[in-house]
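Going by the order they are written in, the chains are A, B, C and D; count residues from 1 in each one.
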Amino acid sequence: MTRYFKATVLENTALNKHFRLLTIDAGRSTLNAQCIPAPGQFYMLHSNSTYDPLLKRPFSIFKHEDNSLKFLYRIRGKGTICLSNLRDGDIIEVIGPLGNSYPEPEGDFIAIAGGVGIASLLPLLDICKNTGYLFYGARSKDELVMLSEAGALSKEVFVATDDGSEGRKGVITELLKSFLNNLKSEISNFKLPIYACGPKPMLKELSEIAHASGMKCYVSLEEHMACGVGACLGCVVKTVSGYRRVCKEGPVFDIKDIVWE
Amino acid sequence: MTRYFKATVLENTALNKHFRLLTIDAGRSTLNAQCIPAPGQFYMLHSNSTYDPLLKRPFSIFKHEDNSLKFLYRIRGKGTICLSNLRDGDIIEVIGPLGNSYPEPEGDFIAIAGGVGIASLLPLLDICKNTGYLFYGARSKDELVMLSEAGALSKEVFVATDDGSEGRKGVITELLKSFLNNLKSEISNFKLPIYACGPKPMLKELSEIAHASGMKCYVSLEEHMACGVGACLGCVVKTVSGYRRVCKEGPVFDIKDIVWE
Amino acid sequence: MGITPNSELQTPNLSVDIAGLRLKNPVMTASGTFGYGEEYSEFMDLNRLGAIIAKGLSATPRQGNPTPRIVETPAGMLNAIGLQNIGVKVFIKEKLPFLRKFDIPVIANFFGDSIDEYVQAAVELSGADGVHALEMNISCPNKHAGWIVFGTDPKIMEQVVTAVRKETKLPLIVKLSPNVTDIGIMARVAENCGADAVSLINTITGMVVDVKRRRPVLANNTGGLSGPAVRPIAVRMVWEVFKAVKIPIIGMGGITTAGDALEFLIAGARAVAVGTANFINPTATIDIIDGIERFLADEGILDINEIIGSLRT
Amino acid sequence: MGITPNSELQTPNLSVDIAGLRLKNPVMTASGTFGYGEEYSEFMDLNRLGAIIAKGLSATPRQGNPTPRIVETPAGMLNAIGLQNIGVKVFIKEKLPFLRKFDIPVIANFFGDSIDEYVQAAVELSGADGVHALEMNISCPNKHAGWIVFGTDPKIMEQVVTAVRKETKLPLIVKLSPNVTDIGIMARVAENCGADAVSLINTITGMVVDVKRRRPVLANNTGGLSGPAVRPIAVRMVWEVFKAVKIPIIGMGGITTAGDALEFLIAGARAVAVGTANFINPTATIDIIDGIERFLADEGILDINEIIGSLRT
């Protein structure tokens, strides 16, 4: 019953050049009642037994089933390159599940994912099947990973890509805005909670949309992390009530509490 | 035509708990005339793309055939653990062949290997088939790797293990001593060149044997190395004419030139 | 029957005395890397630790630096937390009750940006139930001396350590900065001012540049380097300090394994603290305690004190 | 036709001026890590380098330290070569003829254990055909001043740099020790004594203990830490020196990739030197030169001098 354990890699599938899906076997004992991950929670993963890279890296829970945990990740730098080299049977070190989770929506909701942000939102779409309007933006068609899977769990799907190779050309927040405008002209007091995970510019834009529309908005934030458990104070974000730890009080925050810098 | 190249791992076979045999494909262009390894030469290998471990590690050429190079290694610390994790298709960085080589024996010779020192001597036994008396010592039976292979290339084989699990119990230099004593009593001016690779205590002992018997003795030395190419002066050994670089003037030295510390 | 007492006899003694504290074993947590103990309590029995050194405190709360506050470097990390903390009063009220539940010494780490602030924090902590010793972080800039870091100028350091020493009866540990030419001299200053022990090293100042943006990665420009990368420097400094002073040394800097901890003990540290390694392995401290015990048993050493300062050069 | 001149125009300028030397590009080899050039000449065209800084020389040959002389550390290494070298005279006779064949500046690194020895080495090197500049390694102990390291005491440093400056007309680079409290002050001393440039960092003193044998791993007890582990410290020091002096800076310490080199240039170094990385990758210098060129092209920067010291804090 500990949140620190070693796990065995079951699969580490390349989805395309940039994305991979990692499946690990956490073992029976580690996934007991206290340790079942909720949507929005994350794990710290270390794939390497040497000191470079040194720190574990945070990844959102993408799926879990019995003893297995799945993570969807984008290859970025040292840490994710090492992760991408893992093969079946390799052992990795894991801390988690960590952080808070998305408050469960009471009815329909909007999920807005920028790029790999989909990893954090998919479990939410999954437990609230067919009640979420999914807005999913990415650089281009091939970076819209897990689109059909996420789409199948959603009530409706809206897609935008920077290069227009799939869906609307442009940023996903534009699509959300026109969606909201259309609805508002139909339903006078239209309000749905928004759940968001993606790059900072998207979140900043959202904070304005949420403010203007008076809609609740929960965002999952990313910060550089060392410990993941609240000890180092490395991962803080500025909020209206001072610095808060993304790994402990977050990663999910009410967007109106965030002070954007 | 460079001695610095990337190679593909073809095989990395576990021989037992401690030893592995690594086969790499050096590619056609790197193994041209200037770059064919001679017995006693070595390569610097790096199996890891991060900075820990940082330095390449030296390994004697064990075998080569067309484009492939083989190394026999013992798992010791960080570097060899990383090496042991390599799998088919992995890429490693290589510098070599480096250093000098064993001067070719003109007739019969004695080869004396302590532990993984066999890796350095086997190619010598190979090019001088059935002219070498092999003395091979190890901690125990299962650490006598490649014994039958080496034996098949030798005129005669003498084995000792620390625990007596195979051959004579004790150190291999004792066996050599009684062999020499026996021969001396038969042939008055008996002299064969000795070729040796193994731990320092064995080499020190040998230096006395060689001195006492007046026999030529070539030893392959080990020192911590950084560059492997003669630039850092990290790998020197004290000789009668001052410090000499094991990676450049060595690894093979005439034992009478070595000043033991 | 005959075997039990025998093997009990051979369980090596791990306990050490530092500055009037008796520790079960020489392994502590380094300040700022273990919060106030709570965060890691689910991963281990805190009672197994030699001591807890808590996150640095100031007389009044600090909000710390903007982000990014950390960046990874080869085998290390830079941090510029900016000493964010809840302040001495909140610590005493909200965190000490939890720590009092454990049967291990709690060492409060504190700092200030003026001598007055140092003294104020020390006085308040000295009066608190459950604080067993003080560790003074002198790697802070002095606002009254052109922001020169207290711990890099022997004279300024002397003033602040003397001032604090006068106001507390608790064991006083001075935590030395490695950003100096001669750390032996600084240790001697601490000793002469009445410190009961010194601890070292604090982090080494470093910088990482984001080349695309032509900016330091850290919002604070520079940060403190910690982790395995600094270990050889830290071991060397512990050895220098061991030769320079008689008071005990708490060694730290990159300790990740029992072998690392032993390097410090052999070089002269009477105890060690584990910092960055906690982030990588939440049970690092326990693994290190177990590893030290195993090492002593394997080597047939009955008392850890036998290896402290045993380096043969 | 129209494209060629255009794209030629856009090949960024990599050349920089340091202390009266014009370098094709800002990438040199760090002293002691590249021998006298020969060892690495089979791996690259030496003419592509910005300059070669050769292995440190003393007036008379030195045999150096016993072994082990090197030990690996996390993302770094310690070395205690003990400045083994063939001496200035043999260098001039046997190594310079090879180096003269190349069309790049040769910078001779030298040292001594007394001021006289420094001066003697500098004078002999200054008279040699094919030595274009001198780099003075002041991280050596002074036998006339209780073996205090020249480069850690501003007064002793002033004496030795002044003495050497008087005796040579060649561009003089003073190589700073990082084992000091304030490297900016040391750089200012060098500047005031007439140095044409400073280079930094030399290695940071460290120690690794063999816990089984209770001995330092290195025969010399301590050694100098280099490699990626020290890079954040080196970048910070270059930035501090950039703020402290006007003379150009040659930055080094853990540079392994073009990105690393750019960190130093942006922090204020006008050139860089690659040390330990040569051991890992014999073509590191060339890869770094190519990488810097690519970076400038990608960023649309026409002249490398635009990014030198461009750090925005």
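Simple rule for what comes next: a residue touches a chain if its C-beta (ideal position, glycine included) is under 8 Å from a C-beta of that chain, and two chains touch if they have at least 3 such contacts.
Nothing here was measured: the structure is a model prediction, and the numbers come from that model.
*Asks:* Tell me, which chains sit next to both chain A and chain B?
*Replies:* Of all the chains present, those in contact with both chain A and chain B are C, D.
*Asks:* Taking each chain's centre as the mean of its C-alpha atoms, which one ends up farthest from the centre of chain D?
*Replies:* A
*Asks:* At what distance in angstrom does the C-alpha mean of chain D lie from that of chain C?
*Replies:* Using C-alpha averages as centres, the distance is 35 Å.
*Asks:* If you average the CA atoms of chain A and of chain D, how far apart do the two points sit, in angstrom?
*Replies:* Taking the average C-alpha coordinate of chain A and of chain D, the gap between them is 46 Å.
*Asks:* Touching two or more other chains, which residues of chain D qualify?
*Replies:* Counting only residues that touch two or more other chains, chain D contributes 74-76, 227-229.
*Asks:* Got the chain B residues that touch at least 2 other chains?
*Replies:* Only 50-53, 78 qualify.
*Asks:* What graph shape do the protein chains here make by touch: line, ring, star, complete or other?
*Replies:* Topology of touching chains reads as complete, every chain touching all others.
*Asks:* Can you name the residues of chain D that touch chain B in the complex?
*Replies:* Interface residues on chain D, with respect to chain B: 32-35, 39-40, 42-43, 55, 63-64, 66-72, 74-77, 79, 81, 84, 227-229, 256, 276, 278-283.
*Asks:* List the residues on chain C that touch chain D in their complex, please.
*Replies:* 73-76, 78, 152, 179-182, 204-209, 211-216, 221-222, 225, 227-233, 235-236, 239, 254, 259, 262-263, 266-267, 295, 299, 307, 310-313
*Asks:* Can you check the complex and tell me which residues of chain B touch chain D?
*Replies:* Where chain B meets chain D, its residues are 2-4, 46, 51-56, 78, 93, 95, 223-238, 242-243, 248, 261.
*Asks:* Within their complex, state which residues of chain A touch chain D.
*Replies:* Residues in contact with chain D: 50-52.
*Asks:* Touching residues of chain C toward chain B in the complex: what are they?
*Replies:* Interface residues on the chain C side: 74-75, 228.
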